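We call the chains A, B and C, going by the order they appear; numbering starts again at 1 in every chain.
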């Protein structure tokens, strides 16, 4: 780890100014990903601007009936908040499914949105990686990739986004708010993460120097009946090999509204819009759920060793939607 | 002067009753200091720089740039490091693994091989400089992939003969009503003890002192003495608390490089492995490819048994993971053939890892027996009981005690085996399919020569000094109880000091032999001390010290098959839609000799069984074919079981008495893992109808087995 | 060895176990390394240095965190509690006593982290926090009972390679029970 300067920001404008002062500066949130990557030599900032103590730690109900979550709210506080658990239970479940109690106490909402992939080639500086060293190649395509992407990937990068929280936020149409030197701005999460294309090192639409200030969840009555299911290679404290955030509103056996997002299948949390389109207005039964899952996965391009993910995601979508439908009739 | 009393004052024996650990308070308060935690004035910090290529030669190291960095004191590498000797046979009767003898030439035998040690004033400085060190290589093509038909495979002995054979295998298989012929594989596994290897070396008045975390202080002392051509008396190794070992904590790059740096700089130097470095420097359990052929009569009685096991080793050291050794103890047949082969690859040297041979070997043979039971329509326990041998299947020697049947009977009763419906894939609970499985376990009960010093102190207490190691086994506490009983005093009057090579040679903590070997030496010393005290009860201020040595006594022990046994039971839940497998319940019943401390022994046995769960479902180090290095070598990439992976696991034991063994202790460190993974895999088969012959049973494997419609096999 | 503050190091005051420590830290120094290498508080263990094992767990402002991913310079201004700060003189913290009595460890290296984590688990549960093992996280469902499944999930950020999980679970359950009893007792005293 190279030597670096450290400053604590007291307010948002101060943070922006400190970051602007050094092109090699980075914001430090909970540090759970950045500090780890600095130790691995993947990140080598010259300066850290600590934003953990900025007054962005509130969770409040918006006038529209949604939620505004500050960027420095910890994962723990987000998951424990009664309004999150009441209005968006899948979001609380997604956060609780991630990392460990210790890490959730440190990790922040803003940092979580910006966390990097856990692809083992990305985190190992002795190996090539287009995301870390553009143009060096993607060894995962022909190497170890059993937990890599099946959707939206290119030959340039097949890594997956590691977030659980982001999957639920994506399902609920969250909007990322941020501050730039030119003033506040926002971006729907769906547009926040850039397609992989041939520039996997460019991950988000966040302008240079911008600071995430929070996330706004629009009101979504459907979200009150929602679930997050995560499958991983051990029962806890592991990244997903597949996850689903789903919300379902059923009336008289007909799907009135549905939200579906997938995790660990693409470079970003994957909104399953094709599946949603199939479901809305149709029956809430197993056949419809399977048809919806198939519609979403039609675009899947599995690699030689991760074809199981197509089966896994199909089964997961059907299972979670079935559970939600059963809950609705209870 | 005071009078030392032993004898009737201690009313009740300490051995056999639960005692909390004598060092327990230190461990729960953080007061117990491990190897990297002893402070030294003027301490310098060494950081290893590792190769990024799998095979080749170091062409150049840009040391000048690094020597100019803040705080950097030295860069040791093959061009300037002290020479060491590796042409010797060590305490365990084997030559050293040359991968510990760092910086002797420019050859790189695997990814993650130490090419330099950077020493600096602070760990941060050393780390940055080591990472900044530019090393160039002449790279050569590498081979790091173990395959069943690798042309480089050859038979290798290790700690047992490579091959054994009796009878006509082909004829017996042909005459068998039922035949099982399958291949089983286990992956590369890593010890992953929580405490990384750490050593501090310093010269003190012409004597080399090493504060280390190891499984045998005199073992490491004698290896270092030989390697650095020093008199053994000029080397002292201490290792008081050890944060887990599991076979990995012997002589390794960290001690050797720390000694080199302390010698060059003439100041204390500490070298600690990082977690990632451990994956190439701390040894591993080789992956195995095993083939088992069983031929039996319709009632399940074996006529033919063949078990072949293949493992990888490095190009510079031959280590055998003797998977085929299990059958030499467990099952007999007219035709009986076993073979252990190895292949030399461009990988780090494998090493002992908890139940070397037995852990992967029992997965294969105990899975195969389950397959045989199913094909014969015989209950898996009954099948094993029908095949209980009268004598050692290969040695022909009598068993000193063999209480496997008692373990199965007691285990079956407590686990509720009688109610089991053998049909697979029929028990559903919500999204889970449920199943149960069983497997047998065995592990050798050996002992190694040990010396002990026992002192009757003037204040009426007793001090044991023995170069034992407590890796978390509870050995320190067990030895306290053994000494108390041997002296016929209460444990409170006994203090046991361990982990110091100055206490004299002793067996290592390995092969489940530690406590048995050390207890033997302590018992002998106590006998002699009591005789001395009986002659003249006056204890001088410096106390009365006796020394024991068990070398002769061990040699006098009759040749027999001496082993622990066990019956493993597992209940699993499998979600075939997601591939998730959960172990809900495990029970192990063991015949493991005299249990010294039930509290810590149960913990050891349960811990071994949890290793079995972890082996069955999680553990796998994946080698990247292109670079020859591991993919994601850390504790997020290499999964060991968490709290949430471990359901209701219990262990207990049956009486197990060996009439001609003066100690009666068999050791409980390794038997717990043996058969445990097979019990889980057999339970998965019972739950789902799918047989998994490759570990770990990952979600993708469970899913793929369903998806490809194979139905019965994976 | 305390270098003067510079652009890459800072003078900080760390509040650890109720005691203030003044030192100059290289910004690269983690809280874990500051404790172990600078302050001789070696009870907090380094298992992976990557946030992947939990051995370095300490309490920061009463909440459990991994000290390996927390920079020492960023820890200034917070109350830090390590395993050395849990006992009340010779009297062990109930969680420590439970680990000792029930053999909730083997090698002991993950133990300080397990103990710090367990103390926080009991607090988090008492505060009504749900976990990934909680079937219904909605506040209307009420706080989940601290079942073995809940304890296992909540403790899963602390690896124990020796596999002492069964006795650790027993220890945490016993300490949680004592904590609940004590809290109930106090509540009754207050209402009386």
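By definition in this document, a contact is a pair of C-beta atoms (placed from the backbone, for glycine too) under 8 Å apart; a residue touches a chain by one contact, two chains touch by 3 or more.
Treat the numbers as computed from the prediction; the structure is a model and nothing was measured.
Across the assembly, the mean Cα position most removed from that of chain A is the one of B.
Comparing per-chain C-alpha centres with the mean over every protein C-alpha atom, the closest match is chain B. Of the two chain pairs examined here, B-C and A-B, the one linked by more C-beta pairs in contact is B-C.
Each chain gets a centre from the mean of its Cα atoms; for chain B and chain C, those two points are 30 Å apart. Distance between chain A and chain B, defined via averaged C-alpha coordinates, is recorded as 40 Å. Within chain A, residues 1, 3, 235-237 each touch two or more of the remaining chains. Each of residues 26, 28, 49-50, 152-153, 156, 158-159 in chain C touches at least two other chains. With touch defined as above, residues shared between interfaces to two or more other chains in chain B number as follows: 124, 128, 636, 641-644.
Only residues 7-8, 10, 26-28, 30, 49-51, 54, 57, 60, 63-66, 69-71, 73-74, 117, 120-121, 124, 127-132, 134, 136-140, 152-154, 156-159 of chain C touch chain A when the two sit together in their complex.
Contact residues of chain B toward chain A in the complex are 52, 111, 124, 127-128, 131, 431, 577-580, 582, 617-618, 622, 624-627, 629, 631-632, 636-637, 639, 641-645, 698-700, 703-704, 706-707.
Listing the residues of chain A that touch chain C in their complex gives 1, 3-6, 8, 28, 30-32, 35-36, 39, 48, 50, 52, 76, 79-80, 82, 85-86, 89, 92-93, 96-97, 99-103, 105-106, 235-237. By the touch rule above, chain B contacts chain C in their complex via residues 20-21, 23-34, 36-37, 39, 121-124, 128, 191-196, 241-244, 246, 272, 274-275, 471-474, 599-600, 603-604, 606-611, 614, 634-636, 640-644, 646, 648-650.
Put simply, chain C touches chain B in their complex at residues 1, 26, 28-29, 33, 36-37, 40-50, 52-53, 55, 82-84, 86-87, 92, 96-97, 99-101, 103, 105-112, 115, 133, 148-149, 151-153, 155-156, 158-169.
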